[in-house]
Amino acid sequence: MEFKRGLYVGRFQPFHNGHLDAIKYVLQNIDELIVVIGSAQYSHNNHNPFTAGERIVMIRQALLEANVNLDKLWIVPVPDVHLHMLWVSAVEGYTPKFTTVYSNEPLTRRLFMEAGYKVNDLPLFDRKVYISTLIRENMIKNKNWTTLVPKAVATFIDEIDGVNRLKDLAQSDRIC
Amino acid sequence: MEFKRGLYVGRFQPFHNGHLDAIKYVLQNIDELIVVIGSAQYSHNNHNPFTAGERIVMIRQALLEANVNLDKLWIVPVPDVHLHMLWVSAVEGYTPKFTTVYSNEPLTRRLFMEAGYKVNDLPLFDRKVYISTLIRENMIKNKNWTTLVPKAVATFIDEIDGVNRLKDLAQSDRIC
Amino acid sequence: MEFKRGLYVGRFQPFHNGHLDAIKYVLQNIDELIVVIGSAQYSHNNHNPFTAGERIVMIRQALLEANVNLDKLWIVPVPDVHLHMLWVSAVEGYTPKFTTVYSNEPLTRRLFMEAGYKVNDLPLFDRKVYISTLIRENMIKNKNWTTLVPKAVATFIDEIDGVNRLKDLAQSDRIC
Amino acid sequence: MEFKRGLYVGRFQPFHNGHLDAIKYVLQNIDELIVVIGSAQYSHNNHNPFTAGERIVMIRQALLEANVNLDKLWIVPVPDVHLHMLWVSAVEGYTPKFTTVYSNEPLTRRLFMEAGYKVNDLPLFDRKVYISTLIRENMIKNKNWTTLVPKAVATFIDEIDGVNRLKDLAQSDRIC
Amino acid sequence: MEFKRGLYVGRFQPFHNGHLDAIKYVLQNIDELIVVIGSAQYSHNNHNPFTAGERIVMIRQALLEANVNLDKLWIVPVPDVHLHMLWVSAVEGYTPKFTTVYSNEPLTRRLFMEAGYKVNDLPLFDRKVYISTLIRENMIKNKNWTTLVPKAVATFIDEIDGVNRLKDLAQSDRIC
Amino acid sequence: MEFKRGLYVGRFQPFHNGHLDAIKYVLQNIDELIVVIGSAQYSHNNHNPFTAGERIVMIRQALLEANVNLDKLWIVPVPDVHLHMLWVSAVEGYTPKFTTVYSNEPLTRRLFMEAGYKVNDLPLFDRKVYISTLIRENMIKNKNWTTLVPKAVATFIDEIDGVNRLKDLAQSDRIC
């Protein structure tokens, strides 16, 4: 059987249980998986509170905690080029060769399909609940968020004073 | 009489009947016209679904269909620099020399006037109806849009599966 | 006693009485103050109508009018890098060495604190009233704004036809 | 027979007889040709003295003079992205769809081949003589250059005081 | 004893035996090591022939071949910002927190020292021989290079037709 | 008599006696002078070792030492846009309005003249000796440089360990 390497893209702001489930699911069907940390150059804004470096730590610690075999994974930050006609090429330039893309995001799917890739669906894993926007809002409003992310992620966000960073960002009138 | 070359700027997302009417109108008063395709580097986002290349095709095919003489026209994509203090210079750098600008857009008018250009109004040609934002919305909502654009444009958008691209963009939660 | 140089950051769109009060207040506690004009590369958009050059003029003329000693001040435009992880370094690269930061803006405070700076509060000086967003809105709606800025600023904005520029920007449908 | 659209890329600093011969040659084998003006954003430096706008004028006037049918041509300026992994996608985004590339330039050939395009050679047309670098040098050293470019190009360069611009650039100690 | 994470920066064009020796050496003195792939956005030019993705593959396969424990390593591509005053912050933003830097490169050392980091020397490991510039030259001139890189790297470069890419780049007259 | 504001552009790497003489000379013929610190975003490379902030300090301290009246001067860092067709507009956007330009640099002169400005020569002031490139070389080679710059500049460069920074840069093999 042919060796198969897949690609999974997210911003992981933060990395949550839905992301972890998706990676575990995909790894059952594939030899290796590239996890692209998108919009890697951004941090400290409302949509992207965490740096690429912080997100790499979250992902790796969550995968270790979940006993996912890191040898089958490539975790690669990719900065956003904002010119969507260039985006697939940028991802290709930052990553090992891949043949299959896993995504439910309509634009991601379309860009890869227009570039000739096969794009697979992901099962939904309670997408309503495990959604980064909601988790960020819960952090700001002192609602529950720690059960929506892997324990290792909650611990790490705590260590870097992440919730207060989000609260400061929410009150900022700077234009990002 | 002096040779007169005019300038007309648009994003043409998509090129519609109002744009075509404007070009035909301006060509009556002028020797040559430069049609600048603005924000040329963008595509696949809600405000700019089509690439510069696709917009060049739309414009040229619509003009051919309307028997407009291409010899009097220069169609030039110009990427946006986002620094408005530089924008007029960027347009000047990408285009042949021109003396008159045709625009109803308040900021475009102001930037060219502050740079010392004469800026002419365009007759309105049912601006309410022929407005790109509305046309894009109609595409997404399966309402009528094909009669608002030249036939050649409707055909071309169909060929490139443009309506589905817009629908995907509308559902995307990626930040553009 | 040790020589103390402070830093005060703003976009100054436009420079208003609250800014002037803040500078006068800080100068009482410090030897020299760097006034950073942020987002320096932007102009002619709704959030940033005035160029860096225009803002330098506003600030300097307002300070002269208020008899503030310019010898203790450094007025430095700094373009925005939009990558917040780089922003403090960018400010450091454009300015003389400083030890204290004065700001009430939550994100500015956090970025400097994460980089190890001491950040001081500013007294509020009627922040509700002297707020640039409100002043720009009042300009567009022909409401009072001239008493909210130093006289020299009002005169200068008048000279450069600033209110009409804001009105044009407000009506523009260009995407900034 | 299938409709065939080709692509020909150059910087055209300036457009010379070799370029004209190449275009005439390619048009014999193809239905339409896209002429991409590369490095479109540059001007006023030693390698790129002329703006994209000036180069568009040179090309169009030379083609008219040579009775080349403009209806089969698309002349499109494309700014350089400098990230070669993105370059083919950028060209694709700025142009109508094409199937064949014509180039003798090794990197251009490789980038298009790695992206899956068929790349054709161009006959050499005295490449030694008709080479832009040599022509620019001759301009600076008051040697013959006017016979190496189409008459219309020589006239246009004269009109815009192009030779003196090159001489100024050659003496500049600014870093480009 | 305190947990210690180090940083090692290179462009790895290509990854050679000297790099491998350096990593093995550093890992003896430290708990974890971040390997930063610098100038990550570049490829297909004379100084940077390989993409970030290709370099990640080279490094990982060479480390696997050498039985280096990947669990102690973070391999992170970081695009160059070209503004050296921002470079250390960019590296910090893309990586997990680190306390020690390993480098013999004078500018890298200076930038980290000016930012307050402890910078350690690396033993030289035949720097004269294992130098990327020399290896790239040897590739172009058909001289020996395969013994200067890990076997896995030589194999991979062969698979991607890397030597011919370098030869094409060497003959290109495009300005990078 | 009309109020006259001039413009003088330099990179000031470092600010030397020739620059000081030029400023003193120009101030005799003009009401106010804008001193533009060009290539403001660069530092820590061979052509641009000092940050914009460091250069502002050099200039201001040298002028104070020479008893030049700062009230007639505007010192403004301007980042380089590298697109020469945009450069004059960028300078205009960062500065107060000016009517006359003082420069001997051929490209600077041409760009301002093409934009319609009057450009004045500067007397040469021993240009052979007071040239930044030479001064930087002398620093690296331990030759005399301190008498070629104002005393305040020599002191400041000493304080920031500037000579060692230049020596490190000279030995670096990083590509700037």
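Structure notes:
For clarity, chains are labelled A, B, C, D, E and F in written order, and residue numbers in each chain start from 1.
Here is the rule we go by: a residue touches a chain if its C-beta (ideal position, glycine included) is under 8 Å from a C-beta of that chain, and two chains touch if they have at least 3 such contacts.
What you see is a predicted model, and the numbers here were worked out from it, not measured in a lab.
Looking at chain C and chain F, the chains in contact with each of them are B, E. Of the chain pairs B-D, A-C or A-B, the one whose interface repeats that of C-F, sharing more than half of its contact pairs by residue number, is B-D. Simply put, of C-E and D-F, more C-beta pairs touch at D-F. In this structure chain B contacts its sequence twin chain F using mostly the same residue numbers, the overlap exceeding half. For the pair chain A and chain D, the distance between mean C-alpha positions equals 42 Å.
The mean-CA centres of chain D and chain E are about 36 angstrom from one another, to the nearest whole unit.
Chain geometry summary: the mean Cα position of chain C and that of chain D are 46 Å apart.
Of all residues in chain D, those touching 2 or more other chains are 41, 43, 51, 83, 85, 92-93, listed in ascending order.
A list of each chain pair in contact follows: A-B, A-C, A-D, A-E, B-C, B-D, B-F, C-E, C-F, D-E, D-F, E-F.
In the complex of the two chains, the chain F residues touching chain C come out as 40-41, 43, 51-54, 56-57, 60, 70-71, 74, 76-77, 79, 92-97.
Listing the residues of chain A that touch chain C in their complex gives 41-45, 51, 165, 167-169, 171-176. Of all residues in chain B, only 39, 47, 82-85, 105-111, 133 touch chain C in the complex they form. Of all the residues in chain E, the ones that touch chain C in their complex are 81, 83, 85-86, 88-90, 92-93.
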